[in-house]
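In the two assemblies presented below, chain A is common to both, partnered first by chain B and then by chain C.
Let's turn to the complex of A and B:
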């Protein structure tokens, strides 16, 4: 038994090393190696609405997009800034209510309310979270979990913004194609924007804050200011998703603060692959349609969902995307030891 | 007077709910977000033993508490043990387990369920009529707290729990198995959640949503008192318990939950380690 012991050896493919620098433009093969995965993602997302069988699945894509945006923001905060924010519902709710109120009371069209909700909502969320930014780990996680719940109860208790019924009869998008492509384009912009951002100077500082915030502070940088900007970016993405959701259904209600918007993105994040940015988007596009398929079994689908989540976090914590990346960049072989 | 008495009862309910959560966090640093799920799990199990299987009430209570403790131990042994130390994974895994249990129960138990009161009587104390069950809750809370205090101060395994809570590395060097104490703490915490459930649930219906509220209360009390702090949990329970009763009386019952959430947020902002928590200090936590 001992003599035949083997282990798996993993080596980078030659082409991965060749494409890491300027020489990647030396031949078509190298260019293709870099471009194909990105092109598959972009074109895949753009073609997706065209190949879907019916209206029902096209609506599912819109919801999926919302979850994907939240998951993307969660990944950015968790893996590049070191903040675990369970406040997906906070962003959705604030963005949704800002859009809903400006549409219903001021009569603005969606083309205006969505940008307004994105910016104003992000400012509101950042101001709400600003005092909690010095908190770490579980404390920040709990406070972000509590914010949507407390806003929910306050709206209920004060009967403002339509109370428990919410505001309905808001403007919707002209047709289903606008619905789908709006969210898909925003996902792509946010995805590639964040990928660029984390490699810029501010991204490096944020990563430094994640690894050792005291060291960053000792370098004379105000970590709260950097964290606030990171939260603003995430909140803007989340608030856009909320405003989009409001206009997608033409109503806004306290269900926007529901726990779903905090949990589903995290599941997508875990399944898709933490720390890859594209992974959570992929995870959302796998999990949300899966929930729709499971809709027949009712509330039991949340059970299935949670079991998948636990299984991934326990047995496959790297997630799908990192697995694919490994297969793409490296080859494996068995060697004798 | 009635405010005082109901405030005390309410505070002790909070204390019962939160003790299990704070015990687990104090010993093993695990935020057990499945706490609320274990609580209603006990309630439903008692109901099943009592009504479907026809067991006597006392026996079904004991059985369901034991099973809940086992469930807690099993969850640790097979799931938490693998994610321990990774904060995000702990939170996500325990929350997902809790959600799975609660939504599974929602599927299994549609309709209205209630377990009977121990003694169905009203008594009058200082001119305030009060249900016997609420007095029993006071007794149960005192017994649980006293038991845990004696357990952690005079038994070998209880002292091991405190040692791990104080300084994990030093305790491990002295031969205390960190995983074993974590299993014990989780089993004990779940059992306490179960005791709380059978004491409190006879006051109303057993619903799945109770589980979410219980989790919120447990977190709120632990945060206000300081996560993992023993005296803090008692003080936190009284602050929130009286806070809620006073709010319901002077402002309006719909603000009760806002008080709880507001307390969490304010305390976290002003003193993240809670009123009595000593963060980063070698302080007794159990």
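Let's turn to the complex of A and C:
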């Protein structure tokens, strides 16, 4: 019976306490403690394309990267600004069409269309969402969900930008390595950029808006302006993903407004660990390949997919990343009570 | 009136549905004074603050800050001019340490202008500000998470958020409520200190005794209307005020 009266005790690793200040660079061990997890992530992502068995899986990585970027943006808005955005499809669609149109009509190469689509697309998305920024919670989510549907119908009804067929025959990237490394490098830049941003002063202001927007207004700051900046950053990441997708396949169509782009990132966000930024990226790199593996069992894969999701929400709502972080930062042992 | 008027409120009104929360209230605020606003629950004191600071839209009436009409300005513009407020229900950023709470107001345009562009070590500025309002630096109180702070510190945190903006007017919404006698005593000293520094204060309060020690003038509200205004002793002598607090005699 004695085995029943046990509980898990958790202790912070002594080393962690010392990693916040100047001590973090005082010895190789301390430096390694901070650098190793980051190095594993960066090197892991960079090596990933090299170890994949065939062209098919290398393609999967490209699509995974798109979902990872959207999940990263979702996490940033949801956990650091307090805006729930289902605008993945909007960002992908707008970014994709801007890139597609500037490539097909103006004849610009991808090296130009992608930056243009990232910036112009982000401006368009921000302007579209600007009137809804004072709305909070579910309303903003609904509006962001509605825009892709509306734009989808407009393109369909007015037969603009190629109508239902879309625009095909666009420029593609020179080879599969550019495909993969472009998205992986952008993921890393966006990830570490956002991590830096949320710890800057402006990140604290955004955090303040999430915790308590009235207090931020009482501090003499225009919260709509700061929210618009946050939405712009997320939209830029999403629009890049859209433009990238356009040039990956060499075509742009109304499937770019597919709601998959709004929903899959949220699944990745839940599995990976809300609020960690790196977690959703990890989640995307687990879930998207998983759906590919499950493709063999046909439509049932959606069921399996949902079960995985439900299991995570019920048993590990904190997500994978927070679990790993805890394992890394703390000792655990069983003690008798 | 030899003293310069810093804030003029003219006939502001606000109705919520059929209820007149604030009904034609006018008053002047002289630079450097402490004005107390008292009244029974639901008499419209907090709504009046919300109207002045722009958090609630006025149905009618105007507010002038140093002869500038601020009636139509959004809350952040009014705060930017130097008219700041605390909230009755405290609104700290609970998931941040206390001193990080102040980084947000210190980052605001007004605070940065006041500091001449750069603020230098903002963490140090924030901790100095907190020490000024009574956070013991030696006991590491400024480093504690806002969600773990007791009520008294949260009230001070609210005040320090205003002070970070280097305000001209601070409007305190029930700064004393929920505090122990000792805490109130130190809060009274803090308010006196602010007045010495030339900050004009409006204090909405239920604690009359402490308020009367501080306030230069008192304004009484009931059912959204201003029913009396004057020096503290005089006001409490008025029949209408006593009726508002104690009820009318029936029959």
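To be clear about the criterion, the second predicted complex is superposed on the first by the 331 of 337 C-alpha atoms of A that agree within 3 Å, B and C clash if a C-alpha of one lies under 4 Å from a C-alpha of the other, contacts with A are read in each partner's own complex, and residues count from 1 in each chain.
The rule we apply is simple: contacts are C-beta pairs under 8 Å (C-beta built on N, C-alpha and C of every residue); 3 or more make two chains touch, one makes a residue touch a chain.
Small disclaimer: the values here were computed from a predicted structure and weren't measured.
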For this session: With the two complexes superposed on chain A, say which partner A:156 touches: chain B (first), chain C (second), both, or neither.
Result: first
For this session: Using the superposition on chain A described above, determine whether A:207 touches chain B (first), chain C (second), both, or neither.
Result: second
Problem set entry | Which superposed partner A:330 touches (first chain B, second chain C, both, neither) | neither
For this session: Look at the residues of chain A and decide whether chain B or chain C touches more of them.
Result: B
Exercise. Given the touch rule stated above, what does A:138 touch, chain B (first), chain C (second), both, or neither?
Worked result: first
Exercise. Who does A:217 touch here: chain B (first), chain C (second), both, or neither?
Worked result: second
For this session: Considering only touches as defined above, state whether A:164 meets chain B (first), chain C (second), both or neither.
Result: neither
Exercise. Looking at the overlay, what does A:270 touch: chain B (first), chain C (second), both, or neither?
Worked result: first
Exercise. Inside the complex, what are the residues of chain A that reach chain B?
Worked result: 78, 84, 86, 131-132, 134-135, 137-139, 141-143, 146-147, 149-150, 153-154, 156-157, 263, 266-267, 270, 298-300, 302-303, 306-307, 309-310, 313-314, 317
Seminar exercise, completed: Given the complex, residues on chain B that touch chain A span 31, 79, 82-83, 87-89, 91-93, 95-97, 99-100, 103-104, 106-107, 216, 219, 223, 227, 252, 254-255, 257-258, 261-262, 264-265, 268-269, 272
For this session: Enumerate the contact residues on chain C facing chain A in the complex.
Result: 53, 55, 74-77, 79-80, 84-85, 87, 91-96, 100-101, 103-105, 107-111, 122, 161-162, 164-165
For this session: Would you tell me which residues of chain A are touching chain C in their complex?
Result: 201-202, 204-205, 207-208, 211-212, 214-223
